[in-house]
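Which chain is which? They are A, B and C, in the order written, and residues in each are numbered from 1.
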């Protein structure tokens, strides 16, 4: 029993870490709260849904489609909307991303209606057992891919020139500009990467659970928590935070039932903000 | 461009007030309810203006006090047979007290962190309300019906909301002219510099949020009795929270009448336009949000002052662009 | 009598030590200069005095009262006024309102708006901003912003005035005006701690000068002693200044 709860938490945690990172790179680098990120994840899921139904593709193989689709969408959103108000302060950027969220939800509603949609690949429901703990193949796959993406992103930020220029912009936009970095472009790229990662997570999500246009809102508290607990821009921190959160969720479901899941998650988040505002790693920004 | 003199504005304003005072005798129930709704959002936007517009703390989850006020009134009236008046006063003070208690740790958080904290706090209250018996859980609570029939209720809630709104405006006006107002604004523009100029930020931030919570709680309580039904999904919503901010930004942050104007404008067109396109409701609100923050981030009055020309509009956009 | 004393003041930012074991004493009534290269820790030291940053190690006393652990507003009300290096005026308030805030909150006395307004006008006239009192901050020049910083500090009726590079970016004429003003304030009995890169100004007005380098105190003495100090010349002043200074002296002697 305990083993099962731990494993559930761990598997869920990998997914949380990755969507958390997708949110926190925008937060850490541009200081923008992207209230539309949950819905971007859902759009990725819809791409998978549409592609697997229309083209008969295995949902798993639609991953490149959702990544590319959301990358392009993210780039355009940043270039034609967010960059226009990026210096306008928190209230302006937050209202903008919320407005965006509404627009995306409404588009999804127009195309797919409010019903829940899911995928049903042939390997759905298959699982194996280790020491009395059941592990569904799909969940394991999601976990592995999410962790993989997170690590690749970390390497991208540390090892590539583009990654370094993004980090430099995060630390000091003015200085970066003087060094010849195009801030507007860097922001576009950052947001596009964040969206693409979110889109990929949407594909993974719909492998396991059906979605509706409103599902994105449920992710918000997870995104916030991973971003803060993981420390802004610290990817190892985000991994740890995602897993801790997965555990919290899985244990709270065991002890208090699923109905109290939201009570526990929100309460935990508020406590984190009060007692651990700089997260596990104690670092605030990229660097 | 039309220029309206100070006297002209006073005349227009006075005429409008007179109209509002007499409206229930002139209009049908539908319009009375619409105006009542506009007053309600006026109060909500003004409350947000006090904590966010004046003091600079963006309590994006401010609707949490609305829900709290609504539920205090609902529970006290149904489970404990309180009168509406007494229940409402407790709702206002209760919301204030709650804001002060959670404010102590949360108002120390800056910027984005505070926004997230208030959003989570609202979700937390909703989740709790959903799960405890005294609030009726997800089923909600039905309140006693206003005695005297629908017409009397329309009449009563119209003047009650109107009165509350006038009270909120006067309160904000007083604040804007007093020491409080200067302290709030100093904190908004630069909290460190404010403290070096002798302002202790903690009590002022707490007061600002408590006043904001007070009005929001009163409004929630009145709303619950007006609708005579409340459930967690209705009481704790992010959407009206965002709308309140939209109204404040459109009308002008940190001005006394701006948020009211914004509220009237948005509620009015929302009723006239969105009512017709139900399935595009989100899309239209989303577009308005996007357009407002891009083109009038400092409010509509600022735009008018600078003159309504295309080039000036674009110049305004350039300011916030990277 | 001592007005401000620091004993072994240290400030760490994570791994970086911005101020390292600095001792100093400021006499009541003097003008005390603080100089050093960029990033030496001068502004950080002021932030320690103000209480904006908590002191990592060491102790600070103002007129015998320990400042450690006090909040910025408490320290301000003891009688320490501050003009910021990066002008920190409240944008969105007028010049007059900016000063009014200091008048309303910066002293122990509780004042109403009317009284505050009267004091504000007086100070604005003193620094020469009277005619621009209803301007918004973005509408005034750099020189006026520096004057505004000074006004905001003065209106709090400080016993000790902290000035962080109020002369940076001003032309010769404006620097002279400001020096005149600082002298006037000092003559009224206000002790002044002044950070400045404009050497002519700081050498001209200070009674004593302290030099910081990488957070450490490397010298403290009269302007003359500082100008002749080997280490200071090596680290900060550079040969150019010394030569120019010598020329200037030779020149005036020749006259």
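Observations on the model:
Simple rule for what comes next: contacts are C-beta pairs under 8 Å (C-beta built on N, C-alpha and C of every residue); 3 or more make two chains touch, one makes a residue touch a chain.
None of these values were measured; they are calculated from a predicted model.
The touch graph of the protein chains shown is a line. Chain centre most remote from that of chain B: C (centre = mean of CA atoms). At the centre of the protein atoms shown, by the Cα-centroid criterion, sits B. Spacing of chain A relative to chain B, judged by their CA centroids, is 31 angstrom. Centroids of chain A and chain C (each the mean of its C-alpha atoms) stand 48 Å apart.
Mean C-alpha position of chain B lies 43 Å from that of chain C.
Listed in rising order, the residues of chain B touching chain A in the complex are 52, 58, 60, 105-106, 109, 111-113, 115-117, 119-121, 123-124, 126-128, 130-131, 238, 242, 245-246, 249, 253, 279-283, 285-290, 292-294, 297, 317, 319-322. Across the complex, chain B is touched by residues 50, 52, 71-74, 76-77, 82, 84, 88-93, 97, 100-102, 104-107, 112-113, 152, 156 of chain C. By the touch criterion stated above, chain B contacts chain C in their complex at residues 177-179, 182-183, 185-186, 188-190, 192-201, 254.
On the side of chain A, the complex with chain B involves touching residues 27, 31, 33, 81, 83-88, 90-96, 98-103, 105-107, 109-110, 173, 183-184, 187, 217, 220-221, 224, 228, 259-260, 262-263, 266-267, 269-270, 273-274, 277.
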